[in-house]
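Both of the next two complexes hold chain A, though its partner changes from chain B to chain C.
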Partner chain A sequence: MPHKTFALFIMPAVVAMLLFIALPIVSVVVQSLFVEHEQVMVEVENCGPFGCSTQLRVDTEATAEIRDERPLGRFAGITNYINRNHLAFDQVREIWSTSDGLGEIWSRMMNLPFYKALAFTLVYCFLVTPFAMMLGFAIALGVNTLPRLAKGPAIFVSILPMIITPLIGSLILFWMFNPQGILGASLQVITGDPTLSLRASPVLTWIVLIIYGIWTNGPFSFVVFYAGLQTVPGDTLESAMIDGASRWERVRYVIIPHLAPLATFVALVQLMDNFRVFEPIVGFSAEANATSLSWLVYNDLIGQDSQQFGSAAATSVMTILGVVILLIPVLIRTWRDFNRKAV
Partner chain B sequence: MKLTLKAALALGATAIAGAASAECGIEAGSVRILSNDFEALRYINDTAMECASDAVTVEANATSEHKNIQGPALSIDPAEYTVAVIANNSIVPLLNDDLIRPLDDLIAEYGDQLLPNQVISTGGEAMAIAFMGNGQHLFYRSDILEEAGVEVPTTYEEMLSAAEAIQEAGLMEHPLAASVKPGWDLAAEFVNLYLGTGGEFFEPGSAALAIDNEDGRLVLETMRAMTEYMDPDYLTFDANVINQLWDAGQVAMMNQWGSLAGAAIGDAADPDVAANTAFATTPSIGGNAIPAAALWWDGFSIAKNISDEDAAASFQAMMHGISPEAVAENPTVATWLVDGYQPGEAAVGVIANANAGARAYPMTPYMGLLHTALSTELADFIAGREDADQALADVKAAYDDAASAAGFLQ
Partner chain C sequence: MTTAIGRMPTGLRWVTGLLLAIWFIAAAFPFVWTLWGSFKVEADFFSRVSWWNAITGDRTLMQTGERFTLDGYEGAWITREFWRAALNTVIVTLSVTFISLFVGTLGGYALARSGQRYAFWILIAALVFRAMPHITLVSGYMLPFFELNIWGILPTTIIVLVAINQPFTLWMLHSFFLGIPKDLDESAMVDGCTRFQAFRMVIIPVMWPGVITTGLFSFLLGYNDFAVTSMLLSQDNLTMVPKIASFLGTIQSEGNVMFAVASVVSATVPLFILVLFFQRQIVSGLTAGAVKG
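== the complex of A and B ==
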């Protein structure tokens, strides 16, 4: 293809990516380096149905003047990144120098919002991704052996968890795990512990969230692997059978190597997806026991009455960096594969 | 203040204004209302919409996302909405960003029906009109308390011993409930109790936080003591969930929103529970005389970035929406602050709190930042994973960072 044709061909995609992906990221990075102007305050008397009191109020005219001069706010450098609500360098240094034992370091680190969120995000990411892929692969193998007529309904049922909106799915499960709900009550009977509640302790909450994650992410792997299974060469499988390979050996030595490139792709997408885990935390009302990086952004922006844009932007930038770091091994692998093929 | 007085002087005219017909007297203009989404507000919106005519359009958007929409929607010129229905806390961002207009002229011209205490003023300028009060107050089960042989608690200490008595008598396993789900609810619970101690949240005349003291510790210890008598799932309890527990007959005492009192004794409620549900003042804390609960008002403001004609039309339409006649037709959905309102059964709690001197939720510009800090940093404490000193230190650290970034603290 001539260079000019190629350039014209991909131009719409490049323009769209610049406009809708690159520019917003730049704007988030810029935003994360600024904090709001100092507010000019005046003392006023506020009166309402329940009486009067003297309180401070923002002098809107004076503040607007400052804002007009420099609309971005005050340049703060990396303050937003290193303050207590984010990387908390000062606090971490102090914890490091004044704690004895890893246990104390861990529990004190878990008191800092960013690290608490990061811990859950990483655990979720690294448990849900492989288990969901295994689940999806197992379902795909199972469905692939079904008779033709049963396949359609089986596929439909298998991808149901993906069809349900995550927030709704987690809400439904949340109510089922209620001690009066079908799952919660059954668990109490099975374990013989009438006070067992899956929502009360951090460990149980994490387990429930991770199981939910596997349940809801499994279908994506299933769809991709099922499609991949259709391309496994029948000849190779047959010759393996003639050589006396068992079903397990055929899966291990023929199917898995054949699907490995697909697995890389699925892992890539799933790692990205799981790193920005958010809906189940809201759906399961799990904020007390589990938070994630995305939840921190949400919490800054939803604010009670005031949004903290700088803080949210800093967390977003670190989420992007986190995704990049996670993907580096997978990207390196893809790059190598690509080069090998090119030779 | 002077215009509050003017409104008071205008009170004499209330009867005359009250007799006005359903026509709102608007010549022309466009009225666009943004409000939260609950029954009382929908009713006001519907009533205001009666003002629509050939020359006047009246639209209303009732949504629970109103707090997130109002800032951007009122920042543009002309503003997307002409009326913002707000409360103690949600008016603050509008004031901070100068998005609402003083109402003194409009009150003088069209506000004859208003009572003086309906006017919300700051620095002598009327910025909003309140029409209903709200707040958390005590819900109790008269039958259970009677069976356990305990009086209706007037202090938190009594509430805890009453809960103990109910548990011991085997009447209920978890007699207490509170909306302590980490997030807005948990922070509101702290604010309620802290207001009850009489303490101030901030150093006078500055944004420096002042809750790391004996009052703060007392509040946290009381909150922790309450959880001993709650269902172990309490970390997931928000106001709606505890109303469901109440309706299921699993709770004997709780502090709950006055705006949900009607539902607890209404037709849709379990008849046995509803018949024994009663309301009272929120208990006091630490030997103080006032109820440990914040008082809230709901009201409306008029956007700044709109034409004077639309502002006048909007004010008149809202005056029709909250007119004494409209309120008289529907007295049970809210604790109205409007003239001539006869409080119903569901309103006794809020009114009792107000009469007992409960304090209002502060309108301070940085209160929202404190609320956010409380909502995340108290989670570990209420879950029983850290002590009160650590929790207060965490709140202060989180608030200080947020308030510095917002330009309130240097």
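== the complex of A and C ==
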């Protein structure tokens, strides 16, 4: 295809991606180096019956003017990155030197918003991904044994948790885990603890969020593995049977190796996607006990009068760095695939 | 395959059946429960006494005179004007789907037929773009959009969602077009068609299966989005998902959680219908992406 024709065909897609994905990334990097203007203060003299006193007041007009003139704010260098709300170097250094025991370090680090979010994001990412894959694999093996007529409805029911809007799915589970909902109330009865609730217990919040993650991510692995199962060569299975392999051994030595390449693909994609975890935090109103990096950005942006663009941008840049680290294996894989095809 | 492996022993069959049954309940019960509860009053669905009330609906009977009530739906759709959000969702998702398909088909076709090195680099860039968390992109939009005075309106959100959707659409359609033999459009060009004529007359008639599958995923992305729509739309223009989120804050204090429950059920229904009719395409789309990488 001549270069010119190619350019014409691809133009709209590339322009859209440059304008609304590449440019915003640049904009985020720039914004992260600025902070909002301080309010302009003026000295006002108040004279009353008992003499005059000077007071400091906010000059709203001048503040608005300066904000209009330079909407980015004032240049701050890397202070956005190292202040208390982000990497918090000073605080971390102090915690290291004054705490004794890992427990104390952990609990004090959890008071720093960035590390609190990072901890949950990583735990969520690295627990949900493998468990969701195991669940998906188990469902795929199970559904594969069903009679032909039952498979359609089985697949229908199984993919519902994945198709559902993340915010809506988490709200539905949140209401059930509410102390006045069916699961929350039952949990209180089972544990014999009438005060147990998502709001009161950080541990329960983490567990429920991770269960939600497995519930909603499992079906993707199921669909991929189920399709993979249909391509397992029947001959190999048969000869394994003739050689006396048990059912478990056939799964272990024939099916799992056959699905391994698919599994790496699923794992890489899911790790990347789970790193962005955001909606469940909003849906479960979990911010007191668990936050994520994406949620931190959201939280900075929803401030009604004082949106903290600089702070949101700094967190965004660090989130993007995290995604890029998780992305490298995917890129290497794609690169290899392409070169193999070219040869 | 079942014939080759033979019959399962009865014990294993029971265990498999039991585990599957547990999974099906876990997957479907939350939806059934919420649907059922949306026709009750708050004192039943969030009962302080026992969740059994949600099944019998005693309080609903006391408060409304019947065991099922449409109060939640009436409150959400009429009093709180959820229909407006539903209308916005229809506009946003349909526009996003059609525009992304239009832009993506052209681009995906070019990428599949180019064979040049730069086509590969565009695909790699798309892969990187696809991985970007949406909320971080949003934090890049807010300030420029405020300055340009285009924040809060539907067209901005539609274009942003189309752009965010492009990487996925390009990949999917690119691999789909690779499966259509090159000879098809090349022979048309030998017969004197230009590239665009060949695309219009030869490729468009055979591309619908791939386009429909891709379209379903574009639809889902637009429909399920929360990060972009909640941050880029003004209060009047909100679509259903951010509208439900904004309900929560105001509603809980007024004791009208059932409005939110009713609107959650309302927003779930279209998804169920979609899966019901397009299950095969959704499954094949997910697998195509996975198998081809």
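Simple rule for what comes next: the second predicted complex is superposed on the first by the 260 of 343 C-alpha atoms of A that agree within 3 Å, B and C clash if a C-alpha of one lies under 4 Å from a C-alpha of the other, contacts with A are read in each partner's own complex, and residues count from 1 in each chain.
Basically, contacts are C-beta pairs under 8 Å (C-beta built on N, C-alpha and C of every residue); 3 or more make two chains touch, one makes a residue touch a chain.
Everything numeric here is computed off the predicted structure, so don't read it as measured data.
In the superposition on chain A, A:Ile328 contacts neither chain B nor chain C. With both structures placed on the common chain, the touch criterion links A:Met134 to neither chain B nor chain C. Once the two structures are superposed, chain B and chain C can be ranked by residues of chain A touched, with C on top.
In the superposed model, A:Asp337 makes contact with chain C only, not with chain B. In the superposed model, A:Asn178 lies in contact with both chain B and chain C.
Of the two partner chains placed by superposition, A:Ile256 touches none, neither chain B nor chain C. When both complexes are overlaid on chain A, the residue A:Asn289 reaches chain B alone and has no touch with chain C. Using the contact criterion defined above for the overlaid structures, shared-chain residue A:Phe50 touches chain B, although it does not reach chain C. The interface of chain A with chain B overlaps its interface with chain C at residues 178, 285, 302. Partner chain C is touched in their complex by these residues of chain A: 1, 3, 5-6, 9-10, 12-14, 16-17, 19-28, 31, 71-72, 135, 138-139, 141-146, 152, 154-161, 163-169, 171-173, 175-176, 178, 180-182, 185-186, 215, 219-220, 223-224, 227-228, 230, 232, 234, 237-238, 241, 247, 250, 262, 265-266, 272, 275-276, 278-279, 282, 285, 293-294, 297-298, 300-302, 307, 309, 312-313, 315-317, 319-320, 323-324, 326-327, 330-331, 333-335, 337-338.
Within the complex formed with chain A, the chain B residues making contact are 1, 4, 67-68, 88-90, 92-93, 95-98, 117-124, 130, 133, 181-184, 187, 205-207, 231-233, 235-236, 238, 295, 297, 337, 354, 358-360, 362-365, 367-369, 371-372, 375-377, 379-380, 382-383, 385-386, 390, 394, 397-398, 400-402, 404-408, 410.
Here chain A touches chain B in the complex through residues 35-39, 41-53, 55-58, 60-61, 63-64, 74, 76, 79-80, 83-85, 91, 111, 113, 174, 178-179, 195, 197, 199-200, 202, 285, 287-289, 291, 299, 302-306, 308, 310-311, going by the rule given at the top. Taken together, the chain C residues at the contact with chain A in this complex read 1-2, 4-6, 8, 12-13, 16, 19-20, 23-24, 26-28, 30-31, 33-34, 37, 45-48, 50-51, 54, 102-104, 106-107, 109-111, 113-116, 119-120, 122-129, 131-144, 146-147, 159-160, 162-164, 166-167, 169-170, 195-196, 220, 223-224, 226-227, 231, 241, 244-245, 248, 257, 260-261, 264, 267-268, 271-272, 274-276, 279, 282-283, 286-287, 290-291, 293.
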